[in-house]
Amino acid sequence: MQYVFEQKVLFRHCDPAGIVFFPRYFEMVNDCIEHFFDEVLLWPFEKLLETDGVPTAEIRMRFRAPSRHGDRLRLILDILRFGRSAMDYRLIASCGGQVRFEAEATLVHVDRAGRPAYWPDPVRDRTSPTTEERA
Amino acid sequence: MQYVFEQKVLFRHCDPAGIVFFPRYFEMVNDCIEHFFDEVLLWPFEKLLETDGVPTAEIRMRFRAPSRHGDRLRLILDILRFGRSAMDYRLIASCGGQVRFEAEATLVHVDRAGRPAYWPDPVRDRTSPTTEERA
Amino acid sequence: MQYVFEQKVLFRHCDPAGIVFFPRYFEMVNDCIEHFFDEVLLWPFEKLLETDGVPTAEIRMRFRAPSRHGDRLRLILDILRFGRSAMDYRLIASCGGQVRFEAEATLVHVDRAGRPAYWPDPVRDRTSPTTEERA
Amino acid sequence: MQYVFEQKVLFRHCDPAGIVFFPRYFEMVNDCIEHFFDEVLLWPFEKLLETDGVPTAEIRMRFRAPSRHGDRLRLILDILRFGRSAMDYRLIASCGGQVRFEAEATLVHVDRAGRPAYWPDPVRDRTSPTTEERA
């Protein structure tokens, strides 16, 4: 399952070296995941957070090449595994065919008390391949 | 070689769930490394960046427990390897004895053109164990 | 001359009170101005900054009502005055007809040395009313 | 009543022009106010926010001169008026005697429902001149 998120590198992302300051990449990752929940899982963060949470448990990012102000990044999100309460994903950002960063992360669905909780069925269903895709 | 950096969790670090928004942790990591270069390597970023750079090549962070507004974090930086142009480090943040995150990262010393470059000798010397420590 | 910029309130904008942290509004203002330069003045920041600058000289913001995660803000930019080297603007952000903030600011076009400089003619022309509008 | 807050300009504050990105100044202002509540009013934000809030109602900032990476800023906070539920302050940031920005702002003490509320007496008392100062 793939999801594409476009992000132009803006002034606010860049550091004195004229390239993206790496903590800003993690804000982009969060924006991408937030849009994925909104548009694909149909569970927007602003609803989800009223009762649940999806904290990141682990993230690893490799920076392949610097991104400059004005670059149009294409982030491709791959859901690697959608477990009972966790979700593993890979996110590859590129510009003009050149990879800029590769991230792998795990986030966990938790209840109000912060304990891992099963994904709701409708959410889980939206990550499943359709019958046609299965066939 | 260890370096300790203290950081209280401030309002600006926190998200609607009342805990540190994970991209803010990476800003803390950057602040810690910036202070380490300033105070230990005696090569403050504002000087270093006039001619060189130290981009992060890779970083991995595991989030062990959430941090809340007001928590006093203690970040312990361990330099794992100081190579010819790279530096590997581990950074463990805790509060009251509880680990909050563990990070491992590699940064690379580059010249003006962005090519990996040897660390200056005085900088390298400051990361070496003293004779007493060696003995 | 008016320009409209849409911005959904995202997780990264919000503070522990669940509303937009006010410094994030200033990032939105900067994003809006950056898009205005790109789309209307046809002078994208990433080009402009190669030789010139447009630092903000003054900004004033009144916060009329809080904005919450998920709110869809509509920012309406009005250029109040396009002087020889300065630009005065007003920016009103609202959601569902309710004003959230009103900002007034002045930014200045400067050359590489940081001195105020005339706006380039093509840029100035794009802010002028057309003959039809004048009539 | 004055309060002094020191802030070195760090890498994360700076933009591709090598100077402080103006929204970061507002984060510094917030940090300064947070420390003032903690150290002078003895009402740290992390306690205050459990039941109350202090949203900013209005802020105006004039940028007098740019600040560069490594500059050591001195922020001087003056409480201009401590009303029933509002607080007006001026904040002047300088480096080496040169003013970098001047801010004036109003923040409002609100209760859980977001309505303006009287300052608690102990907090109010801490902003009053002592008998000796009055004499």
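In order of appearance the chains are A, B, C and D, and numbering begins at 1 in each one.
The working rule: a residue touches a chain if its C-beta (ideal position, glycine included) is under 8 Å from a C-beta of that chain, and two chains touch if they have at least 3 such contacts.
Not measured: the values here are computed from a predicted model.
**Q** Looking at C-alpha means, what's the farthest chain from subunit C?
**A** B
**Q** When the Cα trace of subunit A is superposed on that of subunit D, what is the rotation angle, expressed as a multiple of 5 degrees?
**A** Rounded to 5 degrees, the superposing rotation is 180 degrees.
**Q** So subunit B and subunit C: same face meeting same face, with over half the numbers shared, or different?
**A** same
**Q** Measuring from the mean C-alpha position of subunit B to the mean C-alpha position of subunit C, what distance in angstrom results?
**A** 35
**Q** Nearest whole angstrom, what separates the Cα centre of subunit C from the Cα centre of subunit D?
**A** Chain centres of subunit C and subunit D, defined by C-alpha means, are spaced 25 Å apart.
**Q** Taking the mean of the CA coordinates per chain, how far is subunit A from subunit C in Å?
**A** 29
**Q** By residue number and range, which residues of subunit B touch two or more other chains?
**A** Those would be 11-12, 16, 21, 23, 27, 30, 49, 69.
**Q** Which of the residues in subunit B come into contact with subunit C in the complex?
**A** It is residues 11-12, 14-16, 18, 21, 23, 69 of subunit B that touch subunit C.
**Q** Which bits of subunit B are touching subunit D when the two form their complex?
**A** It is residues 10-12, 27, 30-31, 34, 44-47, 49, 68-70 of subunit B that touch subunit D.
**Q** Which of the residues in subunit C end up touching subunit D in this complex?
**A** For this pair, the touching residues of subunit C are 16-17, 19, 21-24, 26-27, 29-30, 49, 53, 55-63, 66, 114.
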